[in-house]
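In the two complexes below, chain A is the common chain; its partner is chain B in one and chain C in the other.
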Partner chain A sequence: MTLMQKFLGAAASLAMMAGAAAAEPALIFDLGGKFDKSFNEAAFTGAKRWADETGGKFLEIELQSEAQREQALRRFAESGANPVITTGFAFADPVNNVAGDYPDTKFVNIDGWLPEVPANVQLIGFQEHQGSYLVGMMAAMASKSGTVGFIGGMDIPLIRHFGCGFAQGVKAVNPDATVIANMTGTTPTAWNDPVKGSELTKAQIAQGADVVYAAAGGTGVGVLQTAADEGILSIGVDSNQNYLHSGKVLTSMLKRVDVAVYDSMKAGAGMETGGFTILGLAEEGVGYALDEHNAPLVSDEMKSKVDAAREAIISGDIEVVAYYANDSCPVLDF
Partner chain B sequence: MDVMPKWAEVILVPLISLILAAILSALVILAIGEDPVAAVNLMVTGALGSTYGWGYTLYYATNFMFTGLAVAVAFHAGLFNIGGEGQAMLGGLGVALICLFIPWPHWSIALIAAVMASAVFGAAWAALPAYLQAKRGSHIVITTIMFNFIAAAVLNYMLVNVLRPPRSMDPSTARFPEAVHLPSLHDMLTPLGISFSKSAPANISLVIAIVACVLVWLLIWRTPLGLEIRSFGKSGRAARYAGIGSVRITMIAMLISGALAGAMAINNVMGEAERLVLNAVEGAGFIGIAVALMGRSHPFGVFLAAILFGFLYQGGAELALWTDIPRELIVVIQALVILFTGALDNMVRMPLERLFLAARKTGA
Partner chain C sequence: MDFLTFIQILDSTVRLATPLLLACLAGLFSERAGIFDIGLEGKMLAAAMFSAAAAAVSGNVWIGLAAGIGASLFLSAIHGLASITFRGNQLISGVAINFLAAGVTVLVAQDWFQQGGRTPQLQGAARFEGFDLPFAEALGSVPIFGPTYAELVSGHSILVYIALFAVPATWFVLYRTRFGLRLRAVGENPAAVDTAGVSVVGLRYAAVAICGVLCGIAGAYLATALQAGFVKDMTAGRGFIALAALIFAKWRPWTALWTCLLFGFLQAIALRYQNIELGPVTLPVQLMDALPYILVVIILAGVGGKAIPPRAGGEPYVKER
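Presenting the complex of A and B:
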């Protein structure tokens, strides 16, 4: 009996804890983990910026298991958190499933896609192929051998989408250039396998590549490291990774997940939902990084050409084909 | 003659191991500046204090029962099947194909078909390593672990290139049709007047897992085949001398083992996710090894150990939700339990045996 009372007491205090948390935003990180130096970390950076600026607090959880997706969504929604922000396409389906049960809670998913978006869900997507196109152009201009490399994480459509945009950018500058594309693996560990990333980089160097683009989460750390050790250039992804090897990282393809998270938290419970937000070059949702670490590597000519292409993509004069359009890439076979 | 009475063997040894693991975990939690009493309280209330918590605990436990039984059956034949992960992945593929492409009139018929499909796919994935072990002596540990990677690649290919709905970003199948949705414990218990949390994923697969425990017990201890499997496991040479075919027993034990691991898919794929995702198994195949070790390869022990691991998973999730304890430390706590109950078994057993021997001597 006393044991039962203890349970009930603890349950009640848990409920009170939950009540006090009302109207705080919640952020759910995907299985990659909060500090992946890339995608999830960018989301955390955005949330932290919001918290620092407003003095507000946010709830967060790093998932350990697939079954926790719905569980975390429901627990946060029931505790009154609003909006509930999720990172990663794998959340689109669970959000779709849960949203109807909590009509007063706003849900945000980054990278996901749904055939029909519920009224209280907002999906935020990025035009990764456009940003990848720009860094592809820079890779082709920086390359002396005419061969550049692409190293993806797990072999899924999203990563092919990165690689396809990159290859189109390379070919736009140098139609004769060779693009070598490799994927790290077919299991989720491919997101966090720097050793394999390093081996693939060496293999690509052996085939003549002198600029490599890593779109591989934590695996990219190994790619950038090996490229720096072997004296070739590399390109980072998602977050600005130029600082990792100053003067040896040509640029980074920025995917401003932090901005998406920051804006959602700032809009709070009143944010607009029920549709897609697509962040491309025009919205500065994607782009390339230029800072003191890579300034010596980027010539004025390079910069003016890339900026011109950027304008042309925004105005529609250049069309970068998305891999999703017909699940294939016009210039690259995977 | 047994040194210890049965109750000490079955209850005392695991209990002391658990207490040791709990003490070490408490020290770990203290070291990062959190309150261990509050953490344990949160884990217990979160996992066992409500039907919601029980629903998740039992959901995880169902997974571990299947994979634990799979490892246990192979253990009895002296085989170390660490391919439960890959066999469960393929089982998931079998379930997904059955659910997506055949219009089932009712979930009960679909469930029977799904159990068979997942078992056949799982068993097929175990067949090749079993054959290589039986005929060529290729070590089963090496081949089954290799097959885990091949299974991951097969699943990736199927999901990315074949089964993914067009335009979807997520490498997963479409949702299964409404007709094949399995009843959850909520649906099953409400007619009986018992209210059970609606959002918890535990479902009718739990019943099937318990039935599987009973069937495995019958198989191993109540049939001639079970006797053959056990004799082969205890001593392959003696078994051969007694006329038990090593190829036959290796194949049969591994096929049963693979089928059990594959059958896990009815819980996680058909019961919970209602679609097949790449990461569907997420380590349950490996947890099954710990469950079988802790349960001493006995179906009832596997049942209890599976519930304990279910508790650790769900309790860990609650810790991650409501405290600042990072998830890596939750894995540390889970690992400590595995270490003490599985690997460091003799550390507790030896002194206990000595104690009982001493007690017996003074008594005699």
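Presenting the complex of A and C:
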């Protein structure tokens, strides 16, 4: 009996030590998939940069279905991972449900929103409407027809938020411009349907659009492809997608998910939690991409105007209305 | 709505209906022979991945098409083996094929190209380009007929014409040949076919193989004609809409064509107009997306004639008990 007790005690302390030793950060990718060339891939880039710089390791999992959310969170929390970083708005509720059971684990959610943030949860949000506003201005300046398009992924407030900022930027440059806005669908498959993205692009081109902005995850691959095939300009999202079709992608609206993930991992288990972090233009959390692939497309005039607008937004001279403010957009009907 | 817009919507309809039509005809062959196949989605997905991969590596889209058909045929062979030879449950086998394809495609693509489960972008001869029919340019100026011919009839990829040609071909094979008669008989009463001295197993394998070829073309169309490469889960439920179309069409080739065009048309409308305003009522885009499924439920409820599946469908044939 005593032997048994000793044995069990040793096993238990071993298990506890194993838990303490494995305080590695964990990253859970949302349904779009780790390599969506966009949102989730940006998160992976940030994690990789952290791993390369510190020589640390991180745990990761790609979700395959909605049902796995809580399960993945509990698995990582129980294995001792800290902090557990999740991408995508849909993780906010599962994180809220799970966080109470693991008070010593820090949870991070990017893009989510909760009415009350538990003490060990940090929510990171981006001012996507500000970045979209800037690329909207560029779209309006690059457009010859005066018609530009917006293609969203799944029809959720976050994506409308992108579209609304974009439309405001377009109207700021050309008040008479037409913005055609379409959503790919209402289910998560809308993030991975490039065929539908292509058809939407063709339909928008038929209506006169000559610059299209895709905020649609993997569906955006089809949008950018069709835009390049049909000889119009496109705008990428989240990651820098300019290289996908060099010389045919006007710019990309950068959402520095990589920075958010990198900072969280760097802070590690000691990170501050219990509130919201908002990353906007001032924090360089959002912006537009300029590199050798789109340099010929962006004129100096375009660049100076957009940079001026950026300063004005940071200083508060230009106010970009958020879709969330009253669940509607002043310049665009969805 | 002006005439040109209407033509553009029809043009989009044709593009969207083509993969549905191919998958629907594939299911038609299989189910008419008594083998239910809910693995259409998985076969299309596997074909999409392998056609894009082979086209990217070889630079020749026809090799890609062959590889896509090969991959789809392989999955068909698994389905045949499970449900014909080993008399397993056809639905379970189909579900397994869907899961298998969803996982294997990403795994193989990632291992092969290291681009996160995608295939490299296809260019030039590695892709099916639009195919201009003769005189499309010259006739373009003729009113009504000109734009119809130039925009709607001409300019699609060759696979679209193959899909459209497959409809009369299917009709001819099923209703005007000895093989077709036996194939239909094997789905209604395999014992009678067996009594007549014809191999039930052979016929069912033939039907499943034809199904594989058609699914292969459908997948290759998605990845190498509509798109320029494979992306994870790119079939996005089209295999299931094709099954819905098959039920709606009551397992008949010509009705399958009209059904797929109708479903394609609904999608095209939904893509073109976010919300449709009919006087005081506004139809939301979600309704248009759901309409194919709603229509199938209505048909299954017995409105507009009964949809009766082949009688021996879903049951493995046992020679003697």
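The rule is short, and it goes like this: the second predicted complex is superposed on the first by the 313 of 334 C-alpha atoms of A that agree within 3 Å, B and C clash if a C-alpha of one lies under 4 Å from a C-alpha of the other, contacts with A are read in each partner's own complex, and residues count from 1 in each chain.
Criterion: a residue touches a chain if its C-beta (ideal position, glycine included) is under 8 Å from a C-beta of that chain, and two chains touch if they have at least 3 such contacts.
The structure displayed is predicted, hence computed values, not measured ones.
With chain A as the common reference, the superposed partners chain B and chain C clash. Within the superposed three-chain model, A:N192 lies in touch with chain C and out of touch with chain B [touch as defined at top]. In the superposed model, A:A295 makes contact with neither chain B nor chain C. Chain A is touched at more residues by one of its partners, and among chain B and chain C that partner is B. In the superposition on chain A, A:E70 makes contact with chain B only, not with chain C.
Of the two partner chains placed by the overlay, only chain B lies in contact with A:A92; chain C stays clear of it. In the superposed model, A:A181 makes contact with chain C only, not with chain B. Using the contact criterion defined above for the overlaid structures, shared-chain residue A:A203 touches chain C, although it does not reach chain B.
In the superposed model, A:Y324 makes contact with chain B only, not with chain C. By the touch criterion stated above, A:A308 is placed in contact with neither chain B nor chain C. Contact with chain C, but none with chain B, is seen for A:G222 once the two complexes are overlaid on the shared chain. When the two complexes are superposed via chain A, 129-137 is the only one of 57-65, 129-137 or 219-227 in chain B with C-alpha atoms clashing against chain C.
Within chain A, the residues touching chain B in one complex and chain C in the other are 33, 186. Those residues of chain A lying in contact with chain B across their complex are 6-8, 10-11, 14, 17, 31, 33, 61-62, 64-68, 70-72, 74-75, 89-90, 92-93, 111-113, 115, 154-158, 186-188, 324, 327. On the chain B side of its complex with chain A, the touching residues are 41-42, 44-46, 48-50, 56, 59-60, 149, 152-153, 156-157, 160, 164, 166-172, 175, 199, 201, 268, 272-273, 275, 277-280, 282, 313, 316-317, 320-322, 326-327, 330-331.
Those residues of chain C whose C-beta lies close enough to touch chain A in the complex are 5, 8, 12, 15-16, 19, 110, 115-118, 121, 222, 226-229, 231-234, 236-237, 267-268, 271-272, 274, 285-286, 289. By the touch criterion stated above, chain A contacts chain C in their complex at residues 33-37, 41, 181-183, 185-186, 189, 192-196, 198-200, 202-203, 206, 218, 221-222, 225, 229, 244, 334.
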